[in-house]
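Two complexes follow with chain A in common, the first pairing it with chain B and the second with chain C.
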Partner chain A sequence: MSGAAIPAGRPLDAYARKPLFSPAMWTGLSAAVVVLGSLPLLNLAFPAGHPLHVSAYAVALLGKFMCYALAALALDLVWGYAGILSLGHGLFFALGGYAHGMYLMRAIGRDGAYGSDLPDFMVFLDWKAYPWYWSFTEHFWYAMLLVVAVPGALAFVFGYFAFRSRIKGVYFSIITQALTFAAMLLFFRNDTGFGGNNGFTDFKRILGFDITAPETRAALYWVTLAALAGFLVAARAVTQSKLGRVLTAIRDSESRLRFIGYEPLGFKLFVWTLSAMMCGIAGALYVPQVGIINPGEMSTETSIEMVIWVATGGRGTLLGPIIGAGAVNGLKTWFTSVFPEFWLYALGLIFVLTTLFLPQGMVGLARRLAARRGEQA
Partner chain B sequence: MRIAAIALILRVLALALALPAPALAADPAPAAQGLDATLLARLADTETDTRLGAISALGESADPQAARVLQALGDSRLRATADGRMLVDTGDGRAADAATGRAMDLPRNAEPVIVNNRLRRAIAGALAGSQLFAADPAVRRAAAQRLAREGDAGRLPLIGRALDAERDESVRASLQVAQASLELKSDRPQVRRHAVELLGRTDNAAFRPMLAALALPRPDGAYAEPDAGVREAAAAAVRRIDRHLATVEWMGNLFYGLSLGSILLLAALGLAITFGLMGVINMAHGELLMIGAYVAYLVQLAFRRMFPAWTDWYVIAALPAAFLVAAALGMALERTIIRWLYGRPLETLLATWGISLMLMQGVRSLFGAQNVEVANPSWMSGGFAVMNGLVLTYNRVAIIVFALLVVFFVWLLLNHTRLGLFVRAITQNRRMADCVGVPTGRVDMLAFGLGSGIAGLAGVALSQLGNVGPDLGRAYLVDSFMVVVLGGVGQLAGTVVAALGLGGINKFLEPYAGAVMAKITVLVLIILFVQKRPQGLFAPRGRSAE
Partner chain C sequence: MTRHRPPLPVSPAEASGAGGAAAYGRVKPSGVDTTHGAILYLEEVTVSFDGFKALNRLSLDIGVGELRCIIGPNGAGKTTMMDVITGKTRPTSGTVFFGQSIDLTGLDESQIAHAGIGRKFQRPTVFEHHTVFENLELAMKADKRVRATLRSRLGGEQIDRIGQTLELVRLTREAGREAGLLSHGQKQWLEIGMLLMQEPLLLLLDEPVAGMTDAETERTGELLDELRGRHSLVVVEHDMEFVTRIADGGRVTVLHEGSVLAEGSMAAVQADPKVIEVYLGR
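Moving on to the complex of A and B:
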């Protein structure tokens, strides 16, 4: 239904295994990883004031953007390839963040304002013990399991029912929005046991390391970069595979695919759950770097903003959403510091102009320009 | 004695003629008949028992002057002259005649009437009785409550007389509690039973604890009430009150559910039309509501400045204005942006979201981020009490009626006009309609205008219920989507049933689950419901595959 805007897939030569990226692309990606990866080193190695010094703020900002980029990549997998527009990826992002946040809260130990074994907000609510769903979260690896398992399980169950009853298109988008909205209301309640509208904050340490130390921050940054690069390659592998082609077919004409004899449920469910898990990981990486997670991450606005990162960069391109997340958020950072009152106008314009004039985003534009130059040459 | 009394009255009359204006002007009416002077004289008797008798007699008098005399006696401001007249010292050498309240100079020979503690106690009790007839309802209510606490069954006749005279509902209720709680202390089971039945008949929740204490055993197993018949009557009274409370709650839920439902209906109706027609989810719909509300605010300002006398009717003028503004905005959006995105519903969703961001920020820049003040016209404030404990406020009733009117006109438009015929044709099959000559482009624009205009109308309605601020639309966004998803497209009935149903379910769940959990439950129920009927409640049956 929305296939017209998408570049036609390559011919169905199922037996030919293509390399994941072209050699030039590999080189470019490696270079990008090296450049990005060296920034925290520059921050650590050179003192402030030195021309090669990179400020801690810039490193933290880039780390945050990479988490957003990972979430955008996850969203691109479902929207760009399977045509499923989720307005609820903020939920998976926040769930991953909360799962990691539970560990970080327990790692505070008795250093909270009340000096209690329980997090401050529980002391405030006069709770005497952790609720059952907090059990074992003091173990880092269990929390990491939750980071993937909770968004994954929720996405699996929700997706199973939604895809089975063939909810698609705008309906699916709205239902995901409603789900996220319901979750936000739930997390805003103090009784839910996740800190109400303050959420989790004031983290002290992670795995025993001081969470504010520049070295810890650099390590978190590198982990994020590695996750982003790794998932980019993995997503490319998925979309290049036969399964990826079926996904593209679902996007372009689900009914026709069904008539041919495919059952789309399993394919959609796979990519949907995978995407939710990736988003959960993005959230888990985001929380220690930003130092706070609250239900605001589940708001309608946050989820739709994620979609615009993908759209601006170019849906269905994998690399585009990463660029889009960086570009839109860079713009946002600049606007909110220089013209805070104009940011919403700018964002609104980005939404309108992208959908009207850049249906394939910045990557699509670059490709079109490159193709034109190729013709002229 | 009698001669003295007549002389007194004559003297008072003379005084009344001589003195131009009575000083006790605060409440001039009640002194008309005056108190019995011989009774007053007994207050200064040498025998304490005589004085006690006079005090209690005064306490049962329905004349408000009696309360003043008793108060003065308690405060040692009552004075007796040598000829047996009683005067209330009002300070500064002035006095008021105890019998009539007429003001005069305080004679030099007036001796203070001394009271002892025993008398003081009697005065306090008597005061409560006499204050039952005070002019101020608050004083009367306080007196009734004091009597109930004192628990002197001898006051029952007095309370009975007060009840006969009382017109104020809240004071009556207090008097009934006093009466019943005194009757409950009676040692005659019939009297207690009567009291219990009386309390039950009031349908007033305030009596429930008292009655329940009689009907149920205490923790040690004994009953507070020895007589089984009375206990049974008390249990029946509790049941009666509970039944009444349940009815009130049910009716209240029904009303608030209907009210919420009609708000949702107004908010979602325009959305349903555009979604049904074009398959376009307009994320800026909430902002069109918000703009309607701001139009109401502007019209109100204009009325205040230009026609202050007509300010109460600004809402009526705001309706067409909001409709036109929102419709014009909607049509402009359709022509400039949405038209280019047909066949790409997900992109439309994003573009309209962008528009909504700009509209919101635009309103913020123009009017500020704070809420603006939109007043209810006076004919919309207040409400009528349908039954004991349930008040239907006029503004909510007005909005229910308004929603029904809007639905009626939309129905009329869709089913009995040429434009409506075209809209329905395009909703059913756009390409076929195009082929037989329906001007789909123009109809799209008009229908989008209609949907936006209805949003503007809804905005005016919302401005009468809650805060008007730039975020107003966001609050209704998810809810109105849910109505559309639940109701399905292409059917007005689906939207109406979905909106009223959602409103009702929400309000009926709230008492059990709390507002937030009720909302979450409803959202989850919708998600589950859509599993069964992905096309909504009244999906048109067809054979087409997308």
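Moving on to the complex of A and C:
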């Protein structure tokens, strides 16, 4: 990303106007989007057994990974740039998922096991009508509004009080962890009205389309890819702006920043809320592809795993967390099929090794190697 | 998401509408009102930490455009005084006024910075992971609220201003380097440059030449000479030789145990027996 040609004119202009990505980076990103985007086509166009066929399993898996990658990107904005370590981003992910899940549950209609207008779990609990907070969730766009509004509002209110009280560092992280844990306990209760520990599942259709049809799955995959690519560019625009430099200044020396006239509260609140909304969108894209959302997504492990994706890929690099989410989850998929009981140990080991030997993650390693090669040349 | 910034407090006279009919029709002077020739007043300021009085009924005023040196032995309260002026520490009692009308004891750090007081810390505290250029950009006087910052694009004029400041603090060639890679002296100058970007009316410099080589000290003296008259400057310094050089016939204040022990030209202060006893003579 460095080493761009210095444009003519005043020499300082080069420092003032940096391109969003270098031309090489744009090419690489476009190529990645084209390759990833073509996979569902290969799945649809070629029959199983054909050498160019991509299995539905692989497409579904990558679709899921891209949701994780979007969550990791969101976490990187707050942790990598503003230095706010959240151990509760799983909560925002799950809230986005539940918000979309409410629509998907209502889209089942009378096709549930009990043939009722209400979701099966409500029939089972002998509820006669939807609770008030389910109002309007039969409308897709209202549910989409909730996907960003609920995580956003929660993050805004929580962040306002936490940042205003100047709660920082490990204290903030612990509170976020407690928050997601409390929410998990709340969602585990049947009375909360979100299906208790089973959560939402058995979705039938989305916007009238069969949710299990390969074409629908391909469409969901493309939407996810577009969201990931779009948010990567947006996040890059934020971090390359002056606001991005203020965020890294908050990370490095918040009190110094106050003395030059910035009030960090608004900046932290902005990036924190933005990140929560992105995470909510990631969760909303995840649910129809995976077919289930339950309070397990709010468990502390889920949120900690997100932190590990970011750390492994390289915090503060945007691209790193996306790669990290893919790499760690790829490894997880392999591991849990071969030695399922050892996955958590492996995950812990990855985190320890990354912290010890790759403080800047995989992207940092790549940059170091590139720099070394540059020196030798 | 931008936070509403409360307006600067209005002086009691204006708030009460003193003068009846004159309450309207009188334009509130914009910015800092320095009609009486002083930019900063400290009156009877006391700061006590658990009974220990870091400042003990300190009274002091700084004139517009003045370069004031403040000296004093360790623990005399120099840094606490800076903390009080910049809002880091609240005085236990006493008043601190910036110009005629801005009561600094009611403002927080960022509001005070906006009002026009810049502070250079004892240890250089630049943003180490930002380039020299970015450090100056962050410090530049601008609307520093969230939305404006997100949309901010540097105009040619602003780039030129950063260029002039780089020139002044002799860091033009380092513009693209990470600030963490600068030498100690360069970091100090960068920090002064950051202060200048805020276009402050009053500059507080806490030990600007601490830890500098002789050449760097000399260069810092030249820099302060260039700033003299353009800004009001308060320099807290241990290095007597340096103070003698930059005081240049101006007033020097000696602090001791939280209050003013002596004030006058460097020569007069150095000849004062009280000063010799507590500080210079040792």
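Going forward, the second predicted complex is superposed on the first by the 362 of 377 C-alpha atoms of A that agree within 3 Å, B and C clash if a C-alpha of one lies under 4 Å from a C-alpha of the other, contacts with A are read in each partner's own complex, and residues count from 1 in each chain.
The rule we apply is simple: contacts are C-beta pairs under 8 Å (C-beta built on N, C-alpha and C of every residue); 3 or more make two chains touch, one makes a residue touch a chain.
Predicted model, so just to flag it, every value in this text is computed and none were measured.
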{"item": "Fit-or-clash call for chain B and chain C when the two complexes are aligned on chain A", "value": "fit"}
{"item": "Vertex chain A, arms to chain B and chain C (CA centres, degrees, nearest 10)", "value": "100"}
{"item": "Which superposed partner A:249 touches (first chain B, second chain C, both, neither)", "value": "second"}
{"item": "Touching partner for A:49 - first (chain B), second (chain C), both, neither", "value": "neither"}
{"item": "Which of chain B and chain C A:260 touches, first, second, both or neither", "value": "second"}
{"item": "First, second, both or neither for A:345, with chain B first and chain C second", "value": "first"}
{"item": "Nearest Cα pair across chain B and chain C, whole Å", "value": "8"}
{"item": "Doubly contacted residues of chain A, that is, touched by chain B and again by chain C", "value": "255"}
{"item": "Touching residues (chain side chain A, partner chain B) in the complex", "value": "1-2, 4-5, 79, 85, 158, 161-162, 164-167, 169-171, 173-175, 177-179, 181-182, 185-186, 188-189, 255, 300, 304, 307-308, 311, 341-342, 344-345, 347-352, 354-356, 359"}
{"item": "Residue ranges of chain A in contact with chain C within the complex", "value": "10, 12-17, 156, 238, 241-243, 245-246, 248-249, 252-253, 255-263, 265-267, 269-270, 273"}
{"item": "Chain B to chain A touching residues, read off their complex", "value": "275, 279, 281, 283, 337, 340-341, 343-351, 353-358, 360-362, 364-365, 474, 477-478, 481-482, 484-485, 516-517, 519-520, 523-524, 526-528, 530-532, 534, 545-546"}
{"item": "Interfacial residue positions of chain C with respect to chain A in the complex", "value": "1-3, 5, 86, 108-110, 113-114, 118-119, 121, 125, 127-131, 133-134, 137-139, 141, 144-146, 149-154, 156, 159-160, 162-163, 166, 175-176, 194, 198"}
